[in-house]
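These are the structures in question, set out in turn.
Two complexes are shown next, each including subunit A; its partner changes from subunit B in the first to subunit C in the second.
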Partner chain A sequence: MNPSLFSRQIAALRHFAAVLLRRPQSALGTALVCFFLFLALFGAGLAPYPNPNDQSHAVRVSPTLDIGALRLGEHPFGTDRLGRDVYSRVILGARSIFRIAGLGALISVIVGSALGLYMGYRGGWFDELLGRVIDALLAIPALVLALVLVGIIRNLDFEIGSWQAELADNVVLLVIAVLYVPVVARVARSSALDIKTREFVEAAEIRGEPTTYIIFREILPSVIPALVVEASLRFSYAIFLVASLGFLGFGARPPSPDWGLMVNENRGGFYQLTPWALDFPALAIAILVIAVNLMSDGIRRAVQKGN
Partner chain B sequence: MLKFLRRRFVFFFFTYLISSLMIFFLLRVLPGDPARVIAGGREATAEQVAQIRSELGLNAPLPQQYVNWLGNFLGGDWGKTIAFRGADNRELIVQRSINSARLALVALLLSVPLSLVLGIIAGLRENKLPDVIISLLTLSVVSLPEFVTGLFLINIVALGWGRSKLAGALGWWFPSSSAVRANASFSEMLPALWLPAFAATLVLLAYISRLTRAGVIEELKRDYVRAAALKGIPYRSVITRHVLRNALLPTVTVIAISITWLISGLVVIEYVFGFPGLGSLLIAAIERRDLLLVQSIVMVSVTVILFTNLFADMAYAALNPRIKLG
Partner chain C sequence: MTAPLLDVERLTISYRIGKRWIPAVRDFHLQLAPGHIVGLVGESGSGKSTVALALMRYLSSNGRVESGGRLAFAGEDLLSKSDAEMRSIWARRVKLAPQNAGAALNPSMKIGAQVTEVLGAALGIGGAEAEQAMLRMFHDVNLVDPEKVAERYPHELSGGMQQRVVIAMALITNPELLILDEPTTGLDVTTEAVILDLIRGLMAKRDTGVIYITHNLGVVAQLCERVLVLYAGEIMEEAPVEQLYAAPRHPYSLGLLNSVPRLGQSKADSRLHSISGNPPALAELTRGCVFAERCDFVIDKCRAEKPPLEQLGDGRAVRCFRWEEVTVYPHPKSNAPSVPRPTGDDSEASRRRGPAHRDRLPPIAMGGLRGVEKNTSPLQRGVRDEERVLQKDDRDTDTLMRVTDLKKHFPVARSLGDWLRGKKPAPIRAVDGVNLTLGAGQTLGLVGESGSGKTTLSRLIIGLQERTGGQLELLGMDIRNSVRERSPDVLSKLQMVFQNPQNSLNPYLSVRQALRRPLVKLRGMTPAGAEAEVAQLLRRVNLREDYADRFPAELSGGEKQRVAVARAFASDPDLIICDEPVSALDVSVQSAVLNLLARLQEEHGTAYLFISHDLAVVGYLSDVIAVMYLGQLFEVGAASDLFQPPYHPYTEALVSAIPVADPHHKAERMLLHDVLPSAQRLPSGCRFHTRCPRKIGAVCEEEAPPWREVDAGHAIRCHIPLEELSALQHSFLRREEIA
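Coming up: the complex of A and B.
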């Protein structure tokens, strides 16, 4: 790569980070998201009991966390009614929500942008037809569609170890990717419509460049800011959706240390026995969701300022 | 106006057609045999499966099945459930929809006035203390999943209030579960509606108030506001007569969009509170693999969404003479 271009990009990235972190709310959100990301990556080494289903503890131990004395104790968040350490389970649960929401959002942004840019650039009947399909898809509420798809795919019988079974295990990730493709495509399409009338695109057309070159080398760089904003927005919606699906029993299966699932397993009558087994995962979800929102709001502002 | 309406109706039918196609084929093309599921999964004999196949008309070619299904749906014949002891799908869905509509109504009655007031205050005091407080509050509330706020209301508000001395003295409790009889009357149901409606209100509150705030700020910047103020019209009537009239116009659309939002939110809220509405019916239907019931429920929610959007477009156009209806 051209070294001066490379250093210019680094400078732009630095400027973006500086604008993002200057606003206290955005900086707080970004820091919290980084903290949870750290847990997701290295949680297995940090959790005192790396096996989330280790039941070798007394059941229903109250939290030993003492914030005043800065003391964690044996079971900081207590143990649940099966004698599992809630602290370890909360730490270990960060991984699945980041993996599913992050990869799901990433796939939807990549596929959706390619589709939307192509629709916008090419136009004509292709754009018209797909545009209508997207409108129809968006008329079905996202959560309803997700529930239907996950519910049906998960109930299918596949041979254990086959590729279909592999896919069915990652059904929430795939459903999130599929759900958000039309949303991203719509954003990418309208950005492409705006860019495609510019002179540099016309120049490339006159040079006789192939369509893929025009879309990815001429149009894509100009729409990246809009796509970055959309990606961060998709990530925050995906976190929300993964937590909700987990809570409704349509995400991870027991005994996974999934936050939404943990909340669901400990509500109702169980809440009287072990309130902490519900409160801490619910708190983790609340903090993560608010942090992701603050961060994506900050990213949107920073991108707008950059333009 | 006629041309505008015609275009909206064409869009409406086209979207309806495509979404019904998708709902039908998504549930039918996926591998797995609905007849086998109904017959009882792997244990079912081939004869049982074959009999159910012919009963459900699953032997016909797919396009014909689609036409039959859509015709039956539009004609009001939604089949019988497998999951709920052979009840009539339509009766079941209509009853649950009425319950959900009651919940939505209470939620809208709570949230629309409150969020308009908050949005107007925030907009008039842009970047001042009231605005900062309202924005921070709504931003953190809007990002919380419905089940977190719902469980907070159940475990902290309802149970906490129930244990407090004040509740005993007043003799007034919030029910911590909303699992009422599905065919209860509105007044019987009302005590169970408050908490779930409040959970839904929190979701809507942030959304509507932020858009109202943006509308007020935008209108305040216009020239006519300065002109009116310079003419000596009192501030109060500049705001009420001119700014708010224009700023609140988009709110019609916002309320329609928020109904679309509410449908997703209600699924979770009804599940958390055990309320017998359409959303909890949907979850039960999916869990019990009742395909026909699932299809009908999704079709009903799409119908509601498309009609509210159509209605909002028309209302917006009727209220706003500046819109060119071409």
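Coming up: the complex of A and C.
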């Protein structure tokens, strides 16, 4: 890559960031997402008790957090009925949600764009066939599809350590991919349909460029803005989905410090005893979902403005 | 002059750019009386649209009219009016047909509803009456199937159709003042002629005052009484149209007039004049004359102080220190080229078109018409059977490409009804049996209205579309259907320059990347070798080497098109297909690109297939011209013969519709009403019979006309015998001259 191109891209990126952060809502959302991302990356060092399943504390301690005095105390968010520090568990839970939702969104965007661009550019029977499959997948309600998939895979018996077992452990990742690849593919396909009629693509065709070159060098760059928007949207949906699956008991399995799972484990009768063990992870989910939505909305606006 | 309808004085219009307000149009003035028409001319960015928007008080939120000016419409000061007051004026009394037709229409409303709404607001008519008026108007602006158009949404119409809808919306209310911003740019000459006629009619009927904005000097000459030449936001020259064309006083006006090729002018005669450089950006306006950077007459004084707008009397004014010396423009009636070739080596004789010149033309190789006896008088030659003559072809060595019976039929999807009845809908026959031969190093011009199949034909040749039938031979080799099946050797021999400079370069690739790829891919160069060649290519298209690092967004339209030309030449092709390569460019830039194409052809011996709806442009660059209508050729001939009788009635109509850049030439037009019939339901017999002004009777409807040969290489496909055709057309032209 030549240096002038590189510096141009840096400049474009800075401009994009400036536009994104100029809007207060988007700036707030982005800041909060960065905060959670920070927790996900460095949570192990920040949590007072790095082992989420450390049960050595007194059970059902009330939160010691005192916002007025800016004091965290021994157990800022209290402890649950098993004597685990809720504060540490919430911090450590950030990692799992970011890992699954982020990786899931990334996989969906990469696979979905490759498929969609190819479908849109080549057309023909491949596009026809895959288009039908995609339409069918999109017709099923997301959560139903997720529950069915998780149910099936979880109930298969795999040898421990085999790749199937590995897959079953990451079943939520698989679910996200199955749900969102078609969505991204559809967006990428329609962008490719638009771009491929541009004359620069035809100029590449009359030099006999191979399909992969045309898709990745000629079409992809023009589609990237749309894909960035789609990626941020998929990420925000994935966060919500991971939390929902955890809550329904189809996501992470106990004793993992998954926020959705924590909400699930502490509802019903237990809520009377330790409301804080539910309230704090629920609050974390709510804030993250709202923050991600604000950010992705901001990204969409910034990209549209950039065009 | 009657009381002015519009009286504008000292109007300055600014745009906010960043934190500063920058005057985009300075000290503009204009007087317009009812029933009169004034033209506003200048290249893009000169401020024409800004003036139009300001007169309408339609400026965007980052634009404003500076105080101190005067803008009076029918005696009322528009600048002090509230939006509510303006709204009633907008509804009935002044109308703007904006440049960007697509943006002017409401995307979520059907076309018909939008037009009847305008009618309701303006004239208070509605219901069936409004509907009728609308359909009549749609018909008048040459929209096919007015009922269907009314039922569609804007995005379902082509750009040209949207443009006509917007013009119809402006005309239908019979406003007192009509502002048309580049209304016919990109429309066919035939449609343009019809619309200009409508505007004249409206002015006569309603005493409407019209401001006509364009960069087409031909249209101005035909339509306008006075012209204002605008450049970089200032009036450069103001004159009655006859005087401007006879003797422009400003170097910029002179440059514009000399940039347009006139019908009959050829690359063999002279290069076109072009105005070098680009207009200044808004923010970099200088102290001196705004035109100084590009002016051939510039002196030191011009850079130091701004020339005043000097009144010359007779309604003329000019902003130039040296206007008295600007006199080199010849009378437009003469065909002599106005500017000598840069090389300056031509004698007067070779600059004038004449028989001697015609002899110099390379032999015209045209399939189907060669090898016919040449000694009989042209008009006595009879009907030629195409098939028979085709077999007689002589494969001479300099034949580059031969197209035989080329066909493209687009299948039409079956509707459910058709499917149930077991019917198969007729295909769209976009190209339906075309025979052509093109000699090496020649230009074949292809003309015809949009929809006649020119682009499809070119795409079949280049291989972007697969043909339904026929053969394509390049240098004696059969070539395959689609680009995917063609060998790199064939690919490198055939290249293309596209119409729209905006889309022809990838916005995310630098000029270097765009040029390097064909070198590596088709000429097998190493990266290092390609690097040197990129610089070479740029120099050849008159761009500085440092343009290699620019991106398309940093290039003007003309520069983009030069890069596209460089890219096409990169593989050293034998044939380049140019599909409307200059239609989207300003006249000043257009001439530079045409010159470039002519020069590169001379240097490299490259042949062109050149498509354009501008007959003068095609005539300038072509050796042979083919006239296409509904998928077939109707006339083929040397460029020097084609635009004079005898010609095919369709060619005659096309030629007659050209607005000639000569105000004295107020010719009687042969208007072609209606649009092309659908290529799915082609007319029987002669395909042109539904619109032909010279139709002779049932035979035209029943029998396909024969090819008749006028001259070696010039043939016409019509039932009318050539002698008769020639006589008819000569008498029509004479009538025109008397009129």
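The rule is simple: the second predicted complex is superposed on the first by the 307 of 307 C-alpha atoms of A that agree within 3 Å, B and C clash if a C-alpha of one lies under 4 Å from a C-alpha of the other, contacts with A are read in each partner's own complex, and residues count from 1 in each chain.
Throughout what follows, contacts are C-beta pairs under 8 Å (C-beta built on N, C-alpha and C of every residue); 3 or more make two chains touch, one makes a residue touch a chain.
Here the structure is a predicted model, which means the values were calculated and not measured.
Student: Overlaying on subunit A: subunit B and subunit C, fit or clash?
Tutor: After superposition on subunit A, which the two structures share, subunit B sits beside subunit C with no clash.
Student: Given the superposition on chain A, what is the angle at the CA centre of subunit A with arms to the CA centres of subunit B and subunit C, as a multiple of 10 degrees?
Tutor: The three centres form an angle at subunit A of 90 degrees.
Student: When the two structures are overlaid on chain A, which partner does A:A286 contact: first (subunit B), second (subunit C), both, or neither?
Tutor: It touches subunit B, and subunit C stays clear.
Student: Using the superposition on chain A described above, determine whether A:R267 touches subunit B (first), subunit C (second), both, or neither.
Tutor: After superposition on chain A, A:R267 lies in contact with subunit B alone.
Student: Thinking of the overlay built on chain A, is A:L278 touched by subunit B (first), by subunit C (second), by both, or by neither?
Tutor: A:L278 sits against subunit B, while subunit C stays out of touch.
Student: Touching A:E230 in the superposition: subunit B (first), subunit C (second), both, neither?
Tutor: It touches nothing on subunit B or subunit C.
Student: Comparing subunit B against subunit C, which has contacts with more of the residues in subunit A?
Tutor: Partner touching more subunit A residues in the overlay: B.
Student: Figure out whether A:D258 sits in contact with subunit B (first) or subunit C (second), or with both, or with neither.
Tutor: Neither partner.
Student: Look at A:I152 in the shared chain and tell me whether it touches subunit B only, subunit C only, both, or neither; answer first, second, both or neither.
Tutor: In the superposition, A:I152 contacts subunit B only.
Student: Quick check for you: in the superposed arrangement, does A:A139 touch first (subunit B), second (subunit C), both or neither?
Tutor: Only subunit B; A:A139 stays clear of subunit C.
Student: Quick check for you: in the superposed arrangement, does A:E209 touch first (subunit B), second (subunit C), both or neither?
Tutor: second
Student: Once both complexes sit on top of each other, what is the least C-alpha distance from subunit B to subunit C, rounded to whole angstrom?
Tutor: Closest C-alpha pair between subunit B and subunit C: 5 Å.
Student: Residues on subunit A in contact with subunit B in one complex and with subunit C in the other?
Tutor: No residue of subunit A touches both subunit B and subunit C.
Student: Once bound in the complex, which stretches of subunit A touch subunit C?
Tutor: Spelled out, the residues of subunit A in touch with subunit C are 2, 4-5, 8, 198-200, 202-209, 217-218, 221-222.
Student: Where on subunit B does subunit A make contact in their complex?
Tutor: Residues 11, 14-15, 18-19, 22-23, 26-27, 30-32, 37, 42, 139-140, 142-148, 151-152, 154-155, 260, 263-264, 267-268, 271-272, 282-283, 286-287, 289, 294, 298, 301-302, 305-306, 309 of subunit B touch subunit A in their complex.
Student: With touch defined as at the start, can you tell me which subunit C residues reach subunit A in the complex?
Tutor: 462-464, 483-484, 486, 488, 491, 494-496, 498-500, 503-510, 512, 517-518, 521-522, 549, 551, 564, 567, 571
Student: Once bound in the complex, which stretches of subunit A touch subunit B?
Tutor: 132-133, 135-137, 139-145, 147-149, 151-153, 155-157, 164, 236, 240, 243-244, 247-250, 260, 263, 267, 271, 275, 278, 282, 285-286, 289-290, 292-294, 297
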